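These notes open a run of structures that come right after.
Next, two complexes with subunit A in common: one pairs it with subunit B, the other with subunit C.
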Partner chain A sequence: MFSYCADPDTLGTFRWFSCYLTNGVHWSFYLSFLKVLALLAVTAPVALSFGFAGAMAARSHILPLSWLGKAYIAIVRGVPDIAFFLFFVIALDQGFEWLRHKVLCPDWTDPVRQGNDFIVCQAAKLPLGTSPEWVHETYGFFLAVVTFSIVFGAFAANVLFGGMRAVPRAQLETAEAYGMTRRQTFWRILVPQMWVYALPGLSNLWMVLIKATPLLFLLGIEDIVYWARELGGTKTSRFTDYPHGDWRMWYFLGLLIFYLGMTRVSELGLERLMRRLSHGQATSGGELLRKETTA
Partner chain B sequence: MSCLQTIQDYGLRSLGFGERLLPKTDFTLCEHFTLIGSGMIWNIYFGVMAMIIGFFLATALAVGKASANKWLRKPSEWFIFLFRGSPLFIQFFFAYFFFLSLKKPYPMFDAFTSAWLGALIVLFLNTSAYAGEIFYGALRSIPKGDIEAADAYGMTGWSRFRRIIWPTMLRLAWPAYTNEAIFVFQSTTLVFFSAFPAWQQRGDALYYASYFADKTFNPFVPYPILAFYFILLTLVIVWGFGRINKRLNRHLPEERKTKMRFRLNLAR
Partner chain C sequence: MKNLILTTAALALTAGIAMADTVRMGTEGAYPPYNFINDAGEIDGFEREVGDELCKRANLDCEWVKNDWDSIIPNLVSGNYDTIIAGMSITDERDEVIDFTQNYYPPTASAYVAAAEGVDVAGGIVAAQTATIQAGHVAESGATLVEFASPEETIAAVRNGEADAVLADYDFLVPIVEESGGELVFVGELVPLGGGIGMGFRESDAELRGKFDEAIASMKADGSLNEMLVKWFGEGISTYDADGTVVTN
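And now, the complex of A and B:
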């Protein structure tokens, strides 16, 4: 990066580190932080919409649909989320390949599962064996996003379902008295009001989601944990210009600080959001705000 | 090979007893159930030990955070923030490499790099922080009248804490604490997926489940079995904590008893 980096052996401590921390592999490391942020940015809205759909299904008057929604909410609790991550990554991959196999190779007669193998025809492979490296990586990331969204969608469904039930009955009865249909009541009265009840649960969920992002490592993504392990390991001068001992501890300390910072920023942000949403609501938080302004 | 034989061979495999080699081909359902169940021993060990030791530190942290003394309050606040604000997964990694670098100059830290002690310490500190925050919240919502009544009886210091504040705190915190217990047991599955090595393939339930999934390339058998074991464990926890809850609330009139619902809340 800097001009004096040509021969690192001759440098002083400060300059050595300025070169070391800006070399090629470190840029990959910094890029992986963006991967984590991208995962958060994509997963949060998708999981929220999964959750909304789940909560709507659970509230439905059609019995099978409501069972489906309630089962979706219940299933994720009681079982470790990491087990779901490991499960869905393989299961989704095999599911997609199996579907493509059915469509693309209809005259294939061999069973898909043969003993310990899962065999689909070449054309159904996902991604195709011939596709470039970035397709493989993107597909892996896509699977991770879907997996995260399914698991956290169930958590969100639970929170939103609770939020919908917390809206005072009187509000809904008033809407009915005005002659609104069920659909109108839901979209015009219930949905705008439920957020303030759901927000404590959702902010909790956001924190849990942040803290679940290092699990990307288990899904085979080259994320920050992967790079911290790679870069921190002992390096001899045979393989790199920057030999060093086992620094993995320091790299993980860095990750720890990164996550603490994320948590702190989120805490402050969510506090402000809660203040805004409480404004004018018939809750104790809203009442407090009213007194502050009138006093 | 009969199922009884499999149980004899692999029932205590996670502790290193019985057959040394794991099955390689032709996995039966019995082998799935036995090995994953054998791994549950570790999950239960980590969970129970961390909860028991963590309970005391959590109480101390809660009292510390509620204290008026800055020198008690600040460290407790920082401890709780440190462990609640960062992912457990990263904490495991950091602790493992930390112990590893301690081991080089001081060989007595050898045991800390193995899961049974090293991971237990991390889990213990982690659950203490979470439970400490729960207890702190409960401590702050103790009815003012209870404490005033204790004052009126002339109780102070330790006896007031032991007889009034502490039982009330536990009573109020218990539903959330049950939730935390469920979480701790679930977190134990992370141990062998972070840096801690599963020496001689002695792993926990998820370790064996993923072993089967890797070998058979079929996730639809081992993971549901794992889920079955964990749901069973969750039901046992809910039942056990419900019994304690009943005892904590036994003095209250019937209608004021906080019903312990099986909460689906993700309150962490």
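And now, the complex of A and C:
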């Protein structure tokens, strides 16, 4: 990075750190923060929509649909995350490739499963074997978003399901009395009111999601915890210009500050959101707001 | 017309071959000197150098991929990369799931490292990396095994007293012991484990394995593999004869 970094052994402490903290691996480390933030930004809305769909399905009056929703919630919530991330992602990837294989290589006669191996034709590979590394990484990122969304969607579905049931029955009865259809009651009365009941549960999920990103490395994506472990580990002078002892504590301290910062920002945001949602609601929070404005 | 079809067929065939020529090499990137991430953030080490040379000899276009050790075999058999080159010892258990080339790193010893002399490695608490031959050996030796996901953590366990000793590849431990300033020492005797280190392939991928096998043999024959072994592991390392037999130095 700087011109004086050629021979770090001769540098003073400050200059040594300025070189150390700006070398190639550290840029990868800093980049991984953006990766994690991007993952959160994409996953949260997708997981929420999975959850919404799951909750809608679970309370559907069409029995098979309701079973489907409930089965989704029960199964995904019951499977440990780490098992899900180790096996489901590989299965998902193989599922995509198998579909492409069926469409793109109809003449292929060899079995797709040969012993332990999973073999599809070259054209069905996802991404193609010839793609540059960034395509592979983007695809891995996409798989991560889908997997996170399915897992957290199931939890969100349960929270939203509870939120929908918590809306006072009187509200729905009133809507029916006004002659609203089931659909109208759902979208105009139930959905706007359920958020306030679901938000505490959803905010928990959000906090857990922030901290769940180390699971990413199981998918080959290098997240901040991976890099902190890798960079903080003991480095001997044979393999680096910047030898140091076990510095993992300092790196994890940095992560702690990052996570606490994320928590604080989230709390502030969620508090504002809660205030907005409580407005005009038949809850104690809504009552408080009403008193504030009339006082 | 016939010509046109033939040309198209030929084109399609060559396209197919060209596509198959990119080989993705899976490694862990956390086990110096075999493989590690250098200051620039790239994969480096003995295996990087050997792998690049093998690809050149086999006329293949290679790309390096990092993967967690725990899921390194499942990702190979499901086709996310084409070969494992990650300091993986050739063992019977692994051979049932994947296929290995001949070894490009001779069978060598593993060693115990502890914080002080006179530690009982057969009865104490010994750290090893999960799913390695060393972990298997500790489990059978009668010592209490504590497993860690990465090599780094096994060393840290000895430093902070969580484990009495660590069992790992001798060559991985040498630079760590040297730079510890007497804090860590080798204890007990060397343990010969495994059948050397080879590249792992899917069992159905015999053709690719053959190419690499051939390239390894040619590197053994002209001595270039020995040069790299000495460069990365020092003069004491076992090397290969021109016909591939192991010479202990």
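Please note the rule applied: the second predicted complex is superposed on the first by the 278 of 295 C-alpha atoms of A that agree within 3 Å, B and C clash if a C-alpha of one lies under 4 Å from a C-alpha of the other, contacts with A are read in each partner's own complex, and residues count from 1 in each chain.
One rule holds in what follows: a contact is a pair of C-beta atoms (placed from the backbone, for glycine too) under 8 Å apart; a residue touches a chain by one contact, two chains touch by 3 or more.
Nothing here was measured: the structure is a model prediction, and the numbers come from that model.
S.K.: Both complexes share subunit A, so when I overlay them there, do subunit B and subunit C fit or clash?
M.R.: clash
S.K.: Figure out whether A:Ala212 sits in contact with subunit B (first) or subunit C (second), or with both, or with neither.
M.R.: The first partner, subunit B, only.
S.K.: Figure out whether A:Leu190 sits in contact with subunit B (first) or subunit C (second), or with both, or with neither.
M.R.: In the superposition, A:Leu190 contacts neither subunit B nor subunit C.
S.K.: Under the stated touch criterion, which partner chain does A:Ile73 make contact with: subunit B (first), subunit C (second), both, or neither?
M.R.: Only subunit B; A:Ile73 stays clear of subunit C.
S.K.: Have a look at where A:Val145 lands relative to subunit B and subunit C in the superposition and call it first, second, both or neither.
M.R.: After superposing on A, A:Val145 lies clear of both subunit B and subunit C.
S.K.: Is A:Leu86 in contact with subunit B, with subunit C, with both, or with neither (first, second, both, neither)?
M.R.: In the superposed model, A:Leu86 contacts both subunit B and subunit C.
S.K.: Who does A:Glu97 touch here: subunit B (first), subunit C (second), both, or neither?
M.R.: After superposing on A, A:Glu97 lies in contact with subunit C but is clear of subunit B.
S.K.: Tell me the contact category for A:Val25 with respect to subunit B and subunit C: first, second, both or neither.
M.R.: The answer is second: A:Val25 touches subunit C but not subunit B.
S.K.: If you stack the two complexes on chain A, which partner ends up touching A:Ala55: first (subunit B), second (subunit C), both, or neither?
M.R.: neither
S.K.: Just subunit B (first), just subunit C (second), both, or neither: which does A:Asp246 touch?
M.R.: Both partners.
S.K.: Going by the clash criterion at the top, which of the stretches 7-15, 43-51, 97-105 or 169-177 from subunit B hits subunit C after superposition?
M.R.: 97-105
S.K.: Once the two structures are fitted together, what part of subunit A is touched by subunit B and by subunit C alike?
M.R.: 86, 90, 94, 116-118, 217-218, 229, 246, 248
S.K.: Tell me, which parts of subunit C touch subunit A in their complex?
M.R.: 16, 18-20, 22, 24, 29-30, 32-33, 36-42, 44-45, 63, 65-68, 70-71, 74-75, 77-80, 82, 97-98, 150, 152, 155-156, 159, 175-176, 178-179, 202-205
S.K.: Per the contact definition, I'd like the list of subunit B residues that touch subunit A in the complex.
M.R.: The contact residues of subunit B facing subunit A are 25, 81-82, 84-91, 93-94, 97-98, 100-101, 182, 186-187, 189-190, 193, 206, 209-210, 213, 215-220, 223, 226-227, 230-231, 234-235, 264-268.
S.K.: Which residues, counting only subunit A, touch subunit C once they are in their complex?
M.R.: 23-25, 27-28, 86, 90, 93-94, 97, 114-120, 122-123, 125, 128-130, 133, 136, 217-218, 220, 222, 229-230, 233-234, 236-243, 246, 248
S.K.: Note which residues of subunit A are touching subunit B in the complex, please.
M.R.: Per the stated touch rule, the residues are 73-74, 77-83, 86-87, 90-91, 94, 113, 116-118, 155, 158-159, 162, 201, 204-205, 207-208, 210-215, 217-218, 225, 228-229, 232, 246, 248-249, 252-253, 255-256, 259-260, 263-264.
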